Each structure stands twice: as C-alpha cells, then as structure tokens.
Amino acid sequence: MEGGDFEMITFTRNKVVSVWRKDDDTLGVHGILEDDIYSLEIDVSLSLSQLEILSIAGKWNRAENSECRRAIPFLQEAVGFKMGEGFTQRVQKLIGRKSCRHLADMLLECCYRARDTARVIRWEAEKERRPDLSLDEVVSEQGDPSSGPIKDFQISSRKPLKRGAGDLPLSKKAMISGEMIIDLHVHTSPASPCSSASVGETIEEAKRIGLDGICLTDHNYVWTAAEVERLREKHDFLILRGNEITTDQGDVLVFGVEKEIEGIIELKELRQEVLKAGGFMILAHPFRGFLTFGVGQLGLTVEKAMERPLFEFVDAVEIMNSKVTEKENRFAAEVAEGLNLQVTGGSDAHAVSGVGIYATRFSDRIDNEIDLIRALKKGNYIPVAFREGMKKRS
Amino acid sequence: MEGGDFEMITFTRNKVVSVWRKDDDTLGVHGILEDDIYSLEIDVSLSLSQLEILSIAGKWNRAENSECRRAIPFLQEAVGFKMGEGFTQRVQKLIGRKSCRHLADMLLECCYRARDTARVIRWEAEKERRPDLSLDEVVSEQGDPSSGPIKDFQISSRKPLKRGAGDLPLSKKAMISGEMIIDLHVHTSPASPCSSASVGETIEEAKRIGLDGICLTDHNYVWTAAEVERLREKHDFLILRGNEITTDQGDVLVFGVEKEIEGIIELKELRQEVLKAGGFMILAHPFRGFLTFGVGQLGLTVEKAMERPLFEFVDAVEIMNSKVTEKENRFAAEVAEGLNLQVTGGSDAHAVSGVGIYATRFSDRIDNEIDLIRALKKGNYIPVAFREGMKKRS
Amino acid sequence: MPEILSFSRNICTVVEQIGDDSMTSSCRLQDTLMDAYVEISVKIPDLEISGIKGRLERSVIGEKIDVEDAFKKIMGTRVGPGIRKIIRGFIGNSATEKQLAYMVEECCSGLILSFTKDHLKQIPKDPKKAKHAFENMVKANPRLYKSCAALSPGSPLVDNIEFD
Amino acid sequence: MPEILSFSRNICTVVEQIGDDSMTSSCRLQDTLMDAYVEISVKIPDLEISGIKGRLERSVIGEKIDVEDAFKKIMGTRVGPGIRKIIRGFIGNSATEKQLAYMVEECCSGLILSFTKDHLKQIPKDPKKAKHAFENMVKANPRLYKSCAALSPGSPLVDNIEFD
C-alpha cells in the first residue's frame, strides 16, 4: 500500500438510516446525511401495514446556505403519502423541488428502509406458518422501488391500527393539533339538480366518517349565511359555503364571493369579481376528459399544459377529485407542481356515499368562512384521500 | 456470492464524525453514533491552536434506558480539557463513568478527529513555506493518541484567539451565563502568617485577572462577616469566607462554619461540627508529598489510596492545588474519581502572583456564602487552570 | 424501554482525484440485508465513465450477479444532469441490481457534489456578499430558480431575480 | 455561509453469526486520511479470537503494513472485559497500527454489544417492569453500579440498591 497525496479526497458523503418498531403498526426511521456540504437529519414514521407516511420531522445541522431552512416545512406535504406506484417520482418532484432534493432523497431512503424492515418483519411473522419461506423471496418480490404496499400482511398482534397519535378518534385529534380535514367540493340536492343527496344526509355522513367540515359548492347557487348557520346549529358541524362556477375555461370553485353569478362567465371577468371580494379561486378538475386517449395521443405534455393561460387566473388547482381518472388527477398535480400553484382535494360528491372520498387537510384551525379564506391563502394544506384513510383506521 | 440467512447479522454500529472550521481558531465537530441500541449525537468545539475543549453539547435520540439522559450534564466536566498526555484516560475515567462510556467514546472520537483536522490544516499552512513537507509526516508524528497539542502551530490568520463566546472579557461572559469562577483556596497576610500577600493586594489582583470571586481560607482563622462585607464594598468584588483547618488526617477546607477551631482537631470531630452547621468540607491537597518517590516505589496505588478512611469524612477533594506536583494532583483526581467524590480547584496562594493559578468554575450564580454552600452541595462545578487560560485569552 | 433497531444502513461515498486527468467515486453500502461496493472512474474534464468496478460481499438474496457485467451498459456515459434516468434505464431488473444502480447514482451524485463544493468554497462568509454570490449563481443558471425552497420566490436569495 | 467540512469519518461495524459456533465482527473505517477494513472471528461460547483479517485500502501515511502480521499477537485472546487494554498493549507502534488497533476494539465492542442487545430485548416495555429488570441486572452484576450516570445514586433505576 502506497501513501498518496491528501488532496486526492475531494468529497465524502455518509448516509445512515435506522429503523425500529415503535408499536405494532408503526415504524420509526431516523435518517442522517452528513457530507462535506450538508448535514441533515430526518425522522419519519410510517404505518407498517400500509407503508403510509404518518409524520416527518426534518432538521439541518449544516446547510449550503441560510435559506435552506425554508425547505423544512414543505416536508409536511409528503405526510399521508403511501408507498406504491409513482411514490418515488412524487416525492422527487414534489419534495425535491418545493423543499430540497437532499431532503427528498433522505425521505425516500428512510421510506425504502422502512419497506425493507416491513418485509423482514413480515417474513419473521410468516415463517412460523411457512417454514419454507425464505427471506430472499420476501425481499426480492416487488423489487421495483416504486411498487406498492405489502399485501397479505401478517402483523403478529391484532391490536387496532393506530395513526401514531394514540387512540383518539381522528376528528378529536385533528381539533387538538389545530389540523382540520375539510371536503372542499360537495354538491347537494336540490341546490344542485345533478345531486341525489339531501344536504342533511350529506352532513350526517360527513360527521359519521369523521370529517371536520364540508364546503357546499353547489353549481351557480349561493347559500345564504342564515341558511348555513341554521344547518350548522342543527347538525353541530362545520359547514362552509363555496360555489362551483362554470366559466368559458371550465369549472372553478369560488370562495368568499356573495354576489350571485348567472350563466357562463368569462374566467377573466370572474377573476376580477373574486379579487374585488378578496375571495379565493380553485380550478376544479382541470383535465377532466382531456386524457381519455392518453397523453401521448393528444400530444399534451405537462410542459404544454403549463402554458395554458387559465392557470394565471386561479389561486389553486384541485388535484384530487373523485369524478376524474387517477391519471387526470396526477396530470393536474404535475402541472400545478410545475407552476408552483397550491393544490387541494375535494370529493365533488353528488351522492351521500361520495362525501369525503377526497378532502383537504389544513394545518390551521378553521371555524368559519373568514378562517377558510385566510387558510386557503396561507397555503398550509394538502389534498388527502380521506375515505381510504378512514377505512384503514376503522 | 451466496445468499445467506438473515439472522446472521446480530449487531450494527455506525459512527460518523464531521469536522469543519468555525473560525480561525475554532473547530466544530459533529459526532453521530447509531447502533442497534443507542442513537446519540455530540457537538464539540475545540480550539485549533491548543486542542482545548471549548464546548460540548450531547443529545440522545434512542438510549438503553430512561435514565441515560442523566449522562448529558456530566459532559460539561470535560470542557476545558486539553488534548495531551493522559487525555484519553481522563475522558474515559471521568466522562466514561460519571456520564456514559458511549458518550465518552464519541467525545474522544470527536477530539481525535479534530486533532487530525488540525494536522491537515497545519500541513496546508506550512507547505507553502516548506513544499517538501508531506502530510504523511505531519499526520504520523505524535502518533500517540495521548500526545499533546500541536507545537509550532502556524495559523494562517493572526486574529486574537477566542474562547468561542465572542470577544467579551471572561468575567463579563461568566456573569451572563450565570457561570462563576472562584478561587476557593487563598491565604492572605497577616491572617495567615505564612502568606506574603495583603488581603487588599490579593483582591485587586483577583479582580485584575478576571476571577469572579475568591474565598479567604486562612489557617485556623475566622474572618468576621463585617470585615468581609467591608472588603467587598471597598473593592466591589465577591469575597467569601472559608477556613483551612489542620486535622489529624491533613488539611481540610471548611465552609459555612462560624465556630473558631483551635489547635489540631480530629477529622471525625470536625466532620460533626460541619454537619451540625450545615457546612461543606473539601480535603485539601490530599497527596502532598506522598508521591515524591513515585507511586511505584511507595507501592501506593489508586485502589489502595481509595481505601483510606479519611475520604468518608469529606464532601469533596481538591484536585488542583498549585503547591503540589502535577502527579500528586493527578493522583488525587484519580482517587476522587474512583470514589465518585466532587472535585475542586484552588490556588492555595500565599503570594499575590499565585492567586487564580487554579480555581473552580461553578455553573451556578454565587452572590454570597449561602449561595456558595448551596452550589458546593449541588455539585455543578469543575476545577480549572485559570491563569493559564487567562494568558491564552489576553 | 430500549428501542432496539430492526434495520440499519450505512452508505459511505468517497470521491478522489487521481492525478490530473481522472477521478474515482466509490460507494460502500452496508445494511442488514447486504454489503456491497461500487466504484466508478471518470475522465476529466468530460466526466465520461471510463471504468466501473463492484462486488457484492454479502446479501440475503441468493441471486448470483456479475456486477461489472451488469454495469457495462453505462460505460462511456457522461456524469451530469439526466444520469440518474440513464442509470435506472440501463440497470436494474432484479432487486439486487436496483441496489447496485442506486450505488452508481450515489457515486455520480458524489462526483457532481465535489464540484459544487469547490464552487461553494468561493462564496464569501459575509452574509451580504454571500447573498449576492447566490443571486449571480441563479442568474447564470436559471434552472436553479425554483429548484428548491431556498431558491424560490420568497427567499431573500432570489428576491432580486425576475425570470417572468 | 456554507460550512464546508475539513474532515469526515465513517465507521461501520457489523457483527454476524456464522453457523452455531462462530461469529465475525467487521469494521470498515473510511475517512479523509484512510480507508481500512478489519474483521475478527471468534468461537462460541468462549469468544476467543480465532481469526483476524484486514486490509488497508488507502492511507496518506506511506508506511507499509502487514495488517494480519501486526494482529497475530492477539489471536487466542478472549473478547471480554479488559480486551481494550490487551489490544492497545499488543498493537500500535505506528500511527497506522493505532488506527487498526482501534478498529479491532470496535469489532470487540460490537461483539459484546450484540450480547447486550439480546439481553435488552428481554426487558419489558412497561416502565415499572423495566425498572425492576434493570435493578436486577445491577444486583446480579455489582460492577455496573456507578458505572454510568443511569446506574448511579440518584437514578431511579438503582434507588433500591445498597452496596455500601
């Protein structure tokens, strides 16, 4: 062995990831990145059964510049993500660009090591039943890093699955943390003639499934404050008002505008009205039907879609809507991400069973319409697949 | 390559250490230990020129048990340690046992990597003058992990050396943090006939060098509260009272006892008096003269010394005293450590120039004798080589 | 009380300059399931991959893999933007190969970051001057704008920059 | 603004059980100055060192070292209390040897901790029961008393214990 010149080493990067079992259905992961430029730590908890991200905490020890700290809050946007198809891409795109690619890389590293751990735990649980099962098989299967959560999961104990914050029902928990989950896009009969759900039934269903509030967004119809107040009192539930307004450029969810709008309005004109009223505009299901023939056939790329002028006239984009395809939602998400627009989720329910399929999780407490507008403008929210999450918890 | 059985891996330990230059004379070190049982982090800063520990912060992420947290405060006892002969042993013994051996190991790891860094920096600075100097030489020399600080250090910039807390004079700094450096062992003339220093000169010298207070411990002589109060007002300086009392077992520094003691008293009897008064006893220079012929020749081992019954009758041991040899101080330190006794420092000054050679650094604020006794009993203090540190700073 | 680990991973990537005209970047991965080593060499200044080595020291997966064979498709590729996509496209049918591909990505990231590091070393300590340096960096490379939270609207590092 | 590192070290120690009657513990050290690997094998249950391997992959120190030769003195030594002293006594005249000796120590610590881990896994989750378990552990091994802050007077884990 020959001694060399010290200046040969130009860069060193260390990553260390540790995974342990916090409880029957929760894995704790501590990830460390230490290199010549960056020093960061990330703590992630994931559900063992669903490989869903339950919480993320990030911290810089050393960073490239003084503004790197801005990246930390955006990590929260990955809470609720489940490992499955497109997970890696989603984290890389969303967290990697809005937050920081080094944080995104470590988040992925933590999640994949949690998945490895889940497989080992599964193998340990199953090998009693199936002594022939080799770890090799369990680890190699679904080898695709973007493959889904583990199916046929055998958890050794049968305690109810938890979300990490004890056994409180979800809505209670949300109240404590100030966090609220609200379905921003709900239609009721007879205000929306296309809906089969009475407003009373809809509200009771929303309460039953544990939503913290709903927003009535009937088509071109304005509920009066008095009507809504009466419903709130009757059902002891947060009911907010919005409007789904049809414009020349498609449907828009409008909040904070009392003025009644009739017929189809030009998007530009609507924008003026909303700005005047200090309201908020969400472009609803922006690519509904656009992708029927596949992105390739239409030649519509995310980049081209980003150039559509209508995005200049809205504050946010609905990227989780239960009336469009997965692909259309995903495409909307990519466009919004590219344009750095806020994103929301809403069921677009026209029947009782549809309420809460998607919703928006706000970090802020919302008690009334003023709070809602403020929270929407502040931007601390993410779309969530609420019913799916609820099923898991019940 | 053959696949094996998963259960083969029974333990993994990761250590990562990063060193960077915080300013001209300060190295920052971040050490991480992650293994199957422990997860801890430690941040150490050291002076580049002296390799003295300037600050330590430790943190557990995962630990063996709920009480491991108790280990963290004891890390402070290594602040002020300089890398040099006996450094490893001192950290292993003191921090390893009082705090935690894993923290001690990581502290050492951090310090040695700081030393490696210092060598690389030195080489980079020197190679312009001496292009023939190989890093090999610089790194290999003083290869002994317990070897001293780097000599002939060339620091590229000539700014005054700092202690890490900005440019405040030390006494100011101490006041801000609540930290006080007090010489607990000072003799003055004529109360101590053996002393050449008048009390006024002594106090002025203590002020000049930046001590926060001194304790008058004249031999078998009790200053009255009124006398001391007058001195305090005159010099605007913290003056406390103690007593150096000669017992059948050697000299003892006594605090909080007003009763005058004449002649030589039995240690046991003195203990009763002090307990009655709620005072505090420090065994002064316990091995003065014991080690003249070397530990080996006398056959006195630390273990044997620990068995000496006198240690049962004191609250603390003076392990930094300027009137005994380095070896005797070190031996006292080892015995105190073995017995888990508190340790202090004091100059034992009998001349103006001797004040503050050694002193005790308290974490607590001390404004009067009640504070002193409370702080001594509480135990948040360490002996310090004050004049040496002062010279470095001036 | 103790929270004993179920899984542990350590990855160490080291970039070295070998003489004036080449660099190597090596990645060692050790975790509960495997232990592997990958090393790539690149030519300077074009950063084309001129050599690749690797070995699998331990793995719970029985799969037999010729690491160097698996990698030969990326020989000659230029380390730079888009390399990740190329690596993932060429390597990685099996679980083991995917991990090895990831290690090659780590080697490439390390190489790129070693240049970033050189660049960052030039940035002045003074916060005002540093801000200016970052601003110029983004102006010179507009791809950086909105590429992360620190370089997005709202951050003082880019508040004097208008690309729209 | 950036605080670029001057020095970086990564040490990864892995303990493996090889069949029923032996274990290996390996330590890989990579830092700015060197890259080395050391592996020891021990027999179960006596934990005598039955094999030792090592290589120096990179070092700024020109010194030529036969790692295995340097280590042969500790063959047959039992991994247990006092091993650190033995290792330091037998290995380590040069700077490189000292680092290698440290890596052997890491291997030994890892081995011992792998048994500690097994022991800790038996400790109940319930804090009261856990306290009791720790108490019994200290009672069974009085050397642990006052061996660290968690097991010293003042800590609830030992407040029912009197050795004096």
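Note that the chains take the letters A, B, C and D in the order they are written out, and that residue 1 is the start of every chain.
Just so it is clear, a residue touches a chain if its C-beta (ideal position, glycine included) is under 8 Å from a C-beta of that chain, and two chains touch if they have at least 3 such contacts.
Computed from a predicted model, the values in this text were never measured in an experiment.
With contact taken as defined at the outset, subunit B and subunit D are each touched by A, C. The most distant chain from subunit D is A, comparing centres defined as mean Cα coordinates.
With centres set at the average Cα position, the gap from subunit A to subunit B is 54 Å.
Subunit B and subunit C have Cα centroids separated by 45 Å. Measuring from the averaged C-alpha position of subunit A to that of subunit C gives a distance of 29 Å. Contact of a single residue of subunit C with at least two other chains is seen at positions 1-5, 8, 10, 12, 14, 16, 30-33, 58, 60-63, 117, 120, 127, 130. Residue numbers of subunit B whose C-beta contacts span two or more other chains: 3, 5-6, 9, 12, 14, 16, 18, 20, 34-37, 62, 64-66, 120, 134-136. Taken pairwise by the contact criterion, the protein chains are fully connected, each one touching every other. For subunit A in complex with subunit C, the residues that touch the partner chain are 7-22, 27-28, 35-37, 64-68, 70-71, 74, 96-101, 109, 113, 116-117, 120-121, 134-136, 139-140, 143-145, 340.
Those residues of subunit B that touch subunit C in the shared complex are 1-6, 9, 12, 14, 34-37, 62-66. If you check the complex, the residues on subunit C that touch subunit B are 1-5, 8, 10, 30-33, 56-65.
By the touch rule above, subunit C contacts subunit A in their complex via residues 3-18, 23, 25, 31-33, 60-63, 94-96, 98, 106, 109-111, 113-114, 116-118, 120, 127, 130, 134, 146-157. If you check the complex, the residues on subunit D that touch subunit C are 1-2, 4, 10, 12, 14, 16, 28, 30, 35, 58, 117, 120-121, 123, 125, 127, 130.
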